[in-house]
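So, here's a batch of structures to check.
Across the two complexes that follow, chain A remains constant while its partner is chain B and subsequently chain C.
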Partner chain A sequence: MKRYLRLYLHFLRFSFSRAFEFRVDFWFRIVMDCGFYAVNLILFTLFYRHTDTIGGWTIDQSYIFISGFFLVDAIHMTVFSNNMWWLPLLVNKGDLDYYLVRPVSSLFFLSLREFAANSFINLLIAIGIMIWAIARYPGPGELGALNIVTFAVLIGTGAFLHYCLHLLFILPVFWLHTNRGLAMVFFSMGKLGERPDRIYTGITRMVLLTVLPFSLIASVPTDTLFAGLTVGRALHVTAVCVGMFSVLLFLWSRGLRGYVSASS
Partner chain B sequence: MIEVTNLRKTFYVHKKAPGLRASFRSLFHREKTAKHAVKGATFRVEEGEILGLIGANGAGKTTLVKMLSGIIHPTSGDARVLGHVPWERSNELRRQVALIMGQKAQLWWDLPAADCFLLLRDIYQLPEQEYRTSLDKLSSMLGVKDVLNVQIRRLSLGERMKMELIAALLHSPRVLYLDEPTIGLDLTAQKAVRDFILEYRSQRAPAMILTSHYMEDIERLCKRIIIIREGEIVYDGGLRTVVEQYATEKTVTAHLKKNGELAVAKPEVARLGTVAECNAVCVKLRVPRDRVAEAAQALLHHYEVADITIEEPEIGQIIEQIMTARGGSDAGGPGAPESLGAPSIAGSSAENEEEGS
Partner chain C sequence: MSLRLFRRLVFLEASKLMSYRGDFWITAVANLLATTVVHWFLMRAIFDTTGAETLGGYTLPEIMTYFIGVNLIGRVVRGADLQMGIASEIYDGGLSRYLLYPTRYLPFKYAQHLGAIIPEIIQMFLFAGILIAILGLPEESGVTWVSIAMTLPTLVIANLLYFLLSTPIQFTSFWADNVWSLGVLLRFTSLLLGGAMLPLTWFPESAMHALRYLPFVACCEFPVRVATGEVTTLGEYSLGLTVGLAWCGVLGLACLPIWRKGQLGYTGVGI
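Entry: the complex of A and B
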């Protein structure tokens, strides 16, 4: 564990060194993400001009939900997204070779080696928006410290599930050699997680809470912040996390087995 | 240290005729063909040995190296590297193995090599003192100490390859795979890399497998070679032995005394072999090995000879002929060694074309 932490510190150092070198890109990324945050906040504000609640949530609750979603997105963009973007290219060009000969988990290496240092500021901005949303909530004392901590933990598991889902949509590249179609499906389905889970019903809701758990990313954590954590929900989230990661490990191992590299 | 038994790898690729219609048809039906990249390779490599793996492009050299380094799984067969199955990728094995591919970079392009080496120190869990000693020694041997802190992308190709070598050897591997380590380098850099490999071998004695298209790499570094042709090992033995095994002729050259007269290829001499050259300066004959003495005698008898030389054909030329020859019947073209069509002397069995799994 300590060794992997040391390796991750190297990744961080490398990423910051490189990000500072390309400063236009560094500032551009921050401006771009701020625009994304603003558009979403404005969109929800506009929705609430026509209704008092969406999926049972008031505008103040929705701001917290959006801030949770922003935070998961910022974590993903900062920690995982560059790696996810590179992976299909590495597989198709046969550039996984060196990662496979090192005595270290290839999944760890390929998921985390590229830290997007230029998104790091956005991570801080997303945290700031979350603090703002919680602070402006009428009677933040009602939320309770325990619920806020639980919310933070569930946002962490949400980020983890987002990573698992994204990678699961990428892994078919080992067999199909292109994943553009699936990447589009992932981003389209990701939109479902950007809305409160209570607006879905029946099988759609069940799928979004289990097999394709986009609603566990930000919606369920936000609901837990207001309603508190039950044993059933804790078990549900744990089971889905373990299940998703097990499937991911299995498919990763099968993918590497099918990896054909590329001729030099 | 490396044991390979009947290792095979088959790739399946789909064929597509050119044109839009064929592209559309391929949406519904694809014809798959099997490409047998490695056909039953069997060999061993011992400690301190550098085995040269030679073959034309697409012969299966790199596929073989990738299977032995655990990057790809074989279709069938077995291999043990330091007692481990390489494609199981145990950390214990990977700590003792290194791979260098001349056409693929392993170092971070935008970072100085020194930073990349620190990462490798932690990947291989090298003690600080061991890491410092190893880095100091390798960078001194390769003469790149003064550029360790320069970004990789600002280094020359030769310097980059030297950094790649350091990256591969920092953890003192017991098995080293070198896949075209000198490709694209200028002559000086090629020589530096070769000298370094030899020096490293004398100090650490790892088992090495080297693939290269440069004959000088092979001649300088390898006593033993494997020639691989269309996935099949057609020769496994000493580099020098390949000449005796495959070169059926020697060149006998009579350097003539300078009398200004143009020499004529006399029938008594011409019947002994092929006249390669005949002019005022020399008469050059390619003759079967068992007729060399007879040819030399005939030349001395029929011409005014100042000096006489007997030469083996160039190894590179022989190997090239073996590599490019196709099957038995195609092998007997002009100048091709007679024995090219003979069964493999490497012990690999005749290939049946069914490929499993």
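Entry: the complex of A and C
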């Protein structure tokens, strides 16, 4: 464990020094993400010009929800996103060989080696938006310290699920040799998680809470902040996380077994 | 550039794009499906909560027709915008070969941009046909053959306008090596301010009037409103076309000095 932590600190050092070599790009990405945040906040404000609640949430609750989504997105962009972008290229070019021979977990190395230092600034901005959203909530004290801690933990599991889902849509590259279509499917389906889960009904809601758990990424954590954590929900989130990671590990090992270097 | 070469480039680009048929169809179907599902549940929740028949001048079926129209038409307007072809060529030095060709760079790239939307046009008509056959059109819908014919000039202007919006951003590659983020920012901005995320009638009135004169509306909301028969007077139609054409002129002129200045600093080997 200590070895992996030391390795990750090296990843961070290299990533920051690389990011500062291209200063203009560094700022472009920050501006892009700020634009994304602004567009979504304006969009929710416009929705609430015509209604008092959406999926049972007021505008103040929706701001907390959307800030939770920003935070998960920022964690993903900072920690995983660049690595997810490189993985299909490494598989297709046969460059995965260099990572498979190293004496560390290949999944750990390939998922975490590139840390996006410019997105790290956005992570701080996303945290700032969340603090603003919670502070402007009428009676923030009513949320309760325990609920806030639970919310933070569930946002962490949301980021983990986001990573698992993204990787699951990339792994078919081992067999299909192209994943462009599936990667776009992931981004399209991600839109389902950008809205409160209570607007969905029937089978759509069930799918979004289990098989394709986009609603567990930010919506369920936000609901827990207001309603508190029940044993059933805790078991549900745990079961989905364990299930998704098990499927991921299974497909990863099957993919590596089918990987035949440059001819993949 | 001769018309023959222009046409050849358009079809070459279209066939190149169609070589990834599987990805192309999967992406299009998933995007239309996911977007429609999100809009359907969200709008139903809002209409149910308020109990109103219309919101921002739209009934639930009308606003769904609007969103599906935005999705189908938006893809034709934007084409392969996020591939940032011009920016990549400046970055990796690929621009050098165009400087030697006996042709002008921007018309060449516009021909390629048009080629990239041919498959999108086929998809637009196919998906629209399937959806109308399965779901039908809302009773209040004003979609007619005339409204579809009137949409064609708006689409031509919208497509050129989006290309001209994206070009100066891509020219930034003369000075910075990765401008993809700026392309994404343009996409977000144009979707919100162009009425793709919500019809402009959902905005505050003052903002709505101001937005009508920005280029983004001509790229998105205006063609959709024409197609769905919401633009009923010749005056409104002419105004929409004039705003689009005026912005094409302004952006076309803005591109030239940036292109000239960028070329002066271009080293031919990329950054």
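Annotations
Rule of thumb we're sticking to: the second predicted complex is superposed on the first by the 262 of 264 C-alpha atoms of A that agree within 3 Å, B and C clash if a C-alpha of one lies under 4 Å from a C-alpha of the other, contacts with A are read in each partner's own complex, and residues count from 1 in each chain.
Keep in mind that, in the parts below, a contact is a pair of C-beta atoms (placed from the backbone, for glycine too) under 8 Å apart; a residue touches a chain by one contact, two chains touch by 3 or more.
None of the values given here were measured: they were computed from a predicted structure.
In the superposed model, A:39 makes contact with chain C only, not with chain B.
In the superposition on chain A, A:217 contacts neither chain B nor chain C.
By the touch criterion defined above, A:95 lies against chain B but remains apart from chain C after alignment on the C-alpha atoms of chain A.
Looking at the shared chain after the overlay, A:47 reaches chain C, while chain B stays out of its contact range. Contacts of A:200 after superposition on the shared chain: chain C is touched, whereas chain B is not.
When the two complexes are overlaid on their common chain A, residue A:29 makes contact with chain C while staying clear of chain B. The larger set of touched chain A residues comes from C, when the choice is between chain B and chain C.
Across the complex, chain A is touched by residues 11, 58, 62-63, 66, 69-73, 89, 91-92, 94-95, 97-99, 101-104, 106, 108, 110-111, 115, 118-119, 122-125, 179-180 of chain B. Those residues of chain A lying in contact with chain C across their complex are 22, 24-25, 28-29, 31-32, 35-36, 39, 42-43, 46-47, 49-55, 178, 180-182, 184-185, 188-189, 191-192, 194-195, 198-201, 204.
Within the complex formed with chain B, the residues of chain A that make contact are 3, 6-7, 10, 13-14, 17-18, 21, 94-98, 100-104, 257, 259-261, 263-264.
Taken together, the chain C residues at the contact with chain A in this complex read 20, 22-27, 30-31, 33-35, 37-38, 41-42, 44-46, 49-50, 55-56, 175-179, 181-182, 184-185, 188-189, 191-192, 197-198, 202-204.
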